[in-house]
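Both complexes shown next keep chain A, but they swap its partner, so chain B is in the first and chain C is in the second.
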Partner chain A sequence: MGAEFVSLSLTPMLIGICAAIACALPGNFLLLRGQALIGDAISHVVLPGIVLAFLVTGTVAAWPMMLGAGAAALVAVLLIEAIRRLGRIEPGAAMGVVFTAMFAGGVLLLEQSDTSQVHLDVQHALYGNLESLIWLDATGWSSLTDPEALRALPPELPRIVLTLGFVILFTAILWRPLKLSTFDEGFARTLGLPVRALSLGLVIVAAIAAVAAFDAVGSIIVIAMFICPPAAARLMTDRLEAQIGWSVLFAAMSAVLGYVLAGYGPLWLGGQHAISAAGMIATLSGVILGLAALFGPHRHRSGAPADG
Partner chain B sequence: MLIDALTLQLGYNASLVAIGAGLLGIAAGATGTFLFLGKRALVSDAVSHATLPGVGLAFILMVALGGDGRNLPGLLAGSALSAGLGLLCVSWLTRRTRLSADAAIGAVLSVFFGAGVVLLTVIQTMSGGRQAGLDSFLLGSTAGMLRSDALIIALGGALVLAAVLVLRRPMALVAFDAEFAAAQGMNVKRIDLAMMGLAMAITVVGLKMVGLILIVALLIIPPVAARFWSERVDHVVLLAGAFGGLSGYVGAAISATAPALPTGPIIVIVAFGLFALSLLAAPGRGVLAALLRHRRFQTRVHLRQGLLALAQGQPIYEPLTLRLMRRAGYVRADGVATEAGRAKATRAALDERRWQMLRGDPRHEAAAARYDGLTPLERVLTADQITELDRGLGPEAAR
Partner chain C sequence: MQLELARLDGQAPGAATAPQDSPLAIRGLTVSYGEKPAVFSVDATFRPGSMTAIIGPNGAGKSTLLKSALGIVTPLSGQVTSWGRPLNSQRHRIAYVPQRASVDWDFPTRVLDVVLMGLYRDLGLLGRVRTRHLEKAMSCLSRVGMEGFADRQIGQLSGGQQQRVFLARALAQGADLYLLDEPLAGVDAATEKAIIAVLKELRASGCTVIAVHHDLATVTDYFDHVFLINTTAIAAGPVAEAFTAANLHRAYGGRLAQTPVGTVA
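Here is the complex of A and B:
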């Protein structure tokens, strides 16, 4: 637990924690608004965006890809809304139509284009590669104050920290309007709050968080973190403030425990190789949700019989 | 090349895949209709993602028992078990906790998929067993598909289709109104289970060809597209089956023409094309039909207002009204009313006066509710009633 930990595990862990929290924060509101699956849809549709960005720029640079992914997410949200309105189709089905078609388009584009020179494939998009985000220049805890070593940090870390900061800022500044419009949209509208803009803004923030997290850790974590920690937190409390707190705690717990289990678990069991950290983090968030569903103090619907 | 593929001239394997995909598509479209009508389309997304850990566990188990890890029936049995478990988790979370259905779906989807990915990486590190090949369950793969694999897909599709035919009445009833179905003495829970079981069967059968991420598209897109063309369940089921079958068959044929055209995504894109066509061109619910309807309504309103203006001798300034009046031959190019226009205008004015009379008369309350400023009174009242009404208008009405 010294130099090796700092250079091999510290940065992936930090990135995992930041990504998990950045997704869980907007996830709370999406969950309460009945839009929990938006995260699922977004994480599918970023694939065509990323592939298109690659085709346009010819490199796997981060910023064009994030822009492409963000644009794809926006297109998807608009398409879902358009199909829902024009075709009078229920939102779930409209979402299903859009994200599967866009994902299929992304896979097709990927197969059609020559990506043999670069590391860009569907598997990578799904699982991410948390384990590879190591900090080679670190020699120990002292490196944290060494500007020379800090410069060699994996660029995903400052990006995800920035994104997390933005998400926290958004939530903090718009706290009251968000809370109001989430629980009572009609009342919020009579107060003159721009309800539709808030709703769209929330989706956009979710998309930004999803895209940034996706860049670092792949889409499984994104989907899991949008839903599992907020859902588990929802079973713990009736107050939104407390729910947010629980969800942040659960997200961080999943990230840390999942990473540790994936990295060291097989070694403890006598295995040789680490297993997928992204998958393990998602699994752990599910375990937490399962425990909350079994023992959470507020797991029942209010008014439902205690044993029901 | 595409013609060859569509007429099954591209060799034994490609033909097998195309026919299998067609059957799978028909079964998926028909099954998906009931999920869609019951507003539960996305449950299939959770089910399909939940197959992954089962595939991984089945592989590990088969290798541990000394067999071939890639035995397709074994893998499919494993995927069915874990998909069933996922389904149970969704329904347990929705019924026993305060979480809504979409949260339960998302949670099951991501957690099962994550667990599956963990198992896949475990398999990668296992020394025994021929690895690889399991990744193909993510996006499907028809390359090197065996005759037995195709037979399993075709047979599975046919079985599901038969079950849909037998169960279509109760499933439609439950999808539309579960409480009514329960009052009719139906076992809603069991029918629900059958519906989900069929969706699960489609997912498992289609896993090898379309892959678990995209199989849900075959369950969702064809029914949504079919819904545009009909208001009757039977027709929607048939159409969805046809759309699904067409997507499967054409998609597989297109993908057989070139190496870089993966079957699953192409099938989904073809299905989406059919959906886009339906959204635009379907009569009744389609966008073009709605535009036409709007346009016709607009024309009627403008003509009516123009005629009333003529009758009162007022000038018309509104450009669209003027254009429509001119095209109908009611006014000349300089805006002066023609003979036909004056006659029409008189009739419109009379109609309007009769309506006013009618709306002031409590005896005609029901008829008055139909006033929209457009409907001619002749469509609402009989000739006798109108004569009766005209008496109140005095000598003016005889004009």
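Here is the complex of A and C:
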């Protein structure tokens, strides 16, 4: 746990933790609103945005890519809302239509464009590149206070930390209206709450979290973290406040344990190579959900008769 | 009491309330979910201090009338005023009890938290829940006989208990106008009695109560006014005048089979 850890493992782990929590937080509300698949949708629709950004700028620099991804996510969110309201189609189907269509469009665009010179492929989009987000200038824990070394931090880290801060702020400030409108939209409307704006705001925040996390860790973690930690957390408690806490814990656990297991697990088992951290983190979140489903104290759904 | 007041005003019993006095006045309200309107060109003026049953056959637009008046459903056309002002400016005086089936009772929250939602206006975005809020919520739970269930997850309640919690949340709003969507649907006899007792207390304290109601047999016992609807408004007024066999026949058509028409005035 010395210099090697700080330079090779600390930053990918921190990025993984922040990305996981940033997705899990809005995931709690999306899950309770029956919109859990929106994380899946967003991480697919960003592909055409990224390809377009590449076609326009000709580079794979982070900011144009993220802007393109963000724009594509916003277009998708608006399309989903429009299809849902105008076509009176249930949200799941509306998302399905939009994200497959846009992902397919992205694949076509990718084929038409000359991306052979750059690292832009479907595999990268799926698994991200968590292991490569290392901090080479770090020489040990003391580097954390060394401005010189801090400047060489992978730029994904401050980006995802900022994003996480924004997601936390959004959730904390709008906690009460979010909870109210998620539980009882009709009642929330009679209080004069801007229910539609809240719903759209939640999806936009989810999109921001997804795009920032996608940039750092790939879509497989994004998809898993929107659903698995909140779903597992729901089985641990009957209070939304505690559910949020559990989901944050599960997201962080998946990120840390997943990263460690992917890096060292195969070696412990006598293997030669580390395996994909993104894949391991997502898998672990699924395992946690499975365990919660088997042993969670509140896995019995209501409808059970009151005992008094 | 209602009739007496009306006479003092120099009006005939059952005469229309002026819209500027009415806690809920609706003009030309039309709502459509698809091609066919669910509510068509409905006028309604509810009398202050009255307890009105909105009745009509299934799919007649009873719930839609309430929801569109409150802006939960967007109407195609129509105006809604409360005490002569736009309803939006009077929301703090209006409490609403949705249909029990309209929410997910698996939602991870406790009975007390649901009642506290009725205090949203006091609490605001970030206000802390203080002792007085908790006391207020508990006293509302007591009024519906649910004080022993404050810490229960809402999914563990029976249907009648859930309905009482919804009513407690409305009480916490401290409103002057109470709109209830089928508050007695699928509840046990004890709950029905408790809910009606609370609603009559509200009326006695000067509040106006409007409830979508489905049981024609109890209209006369529970309510003093009725509003009959079948997409269009059929009849409205004091129970003694509007709850007649002829009006029921117009609202329900041939479907009126086992109603106690004999007991109707």
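Note that the second predicted complex is superposed on the first by the 299 of 308 C-alpha atoms of A that agree within 3 Å, B and C clash if a C-alpha of one lies under 4 Å from a C-alpha of the other, contacts with A are read in each partner's own complex, and residues count from 1 in each chain.
The definition used in the following text is that contacts are C-beta pairs under 8 Å (C-beta built on N, C-alpha and C of every residue); 3 or more make two chains touch, one makes a residue touch a chain.
Everything numeric in this text was worked out from a predicted model, so none of it was measured.
Judged by the number of chain A residues each one touches, B leads among chain B and chain C.
With both structures placed on the common chain, the touch criterion links A:234 to chain B and to chain C. In the superposed pair of complexes, A:93 makes contact with chain B only, with no contact to chain C. Applying the stated contact rule after C-alpha superposition, one finds that A:279 touches chain B and leaves chain C untouched. When the shared chain is aligned, no partner comes close enough to touch A:4: not chain B, not chain C. 234, 298, 301-302, 304, 308 are the residues of chain A that lie in the contact sets of both chain B and chain C, per the superposition on chain A. Taken in their complex, chain A has these residues touching chain B: 31, 34-37, 39-40, 44, 83, 86-90, 92-97, 100-101, 103-105, 107-108, 111-112, 122-123, 126-127, 220-221, 223-224, 226-228, 231, 234-235, 262, 266, 271-273, 275-276, 278-283, 285-286, 289, 293, 296, 298-302, 304, 308.
Chain contact summary for the complex, chain B toward chain A: residues 36, 39-42, 45, 92-93, 96-100, 102-107, 109-118, 120-122, 124-125, 135, 138-139, 213-214, 216-217, 220-221, 223-224, 227-228, 260-262, 264-266, 268-269, 271-272, 275, 279, 285, 287, 290.
Interface residues of chain A, counted against chain C in their complex, comprise 32, 173-174, 176-177, 179-180, 182-187, 189-193, 234, 237-240, 242-243, 298, 301-306, 308.
On chain C, the positions that touch chain A within their shared complex are 67, 70-72, 88, 91, 94-96, 98, 102-110, 113-114, 117, 120-121, 123, 125-126, 148-149, 152-158, 161, 169.
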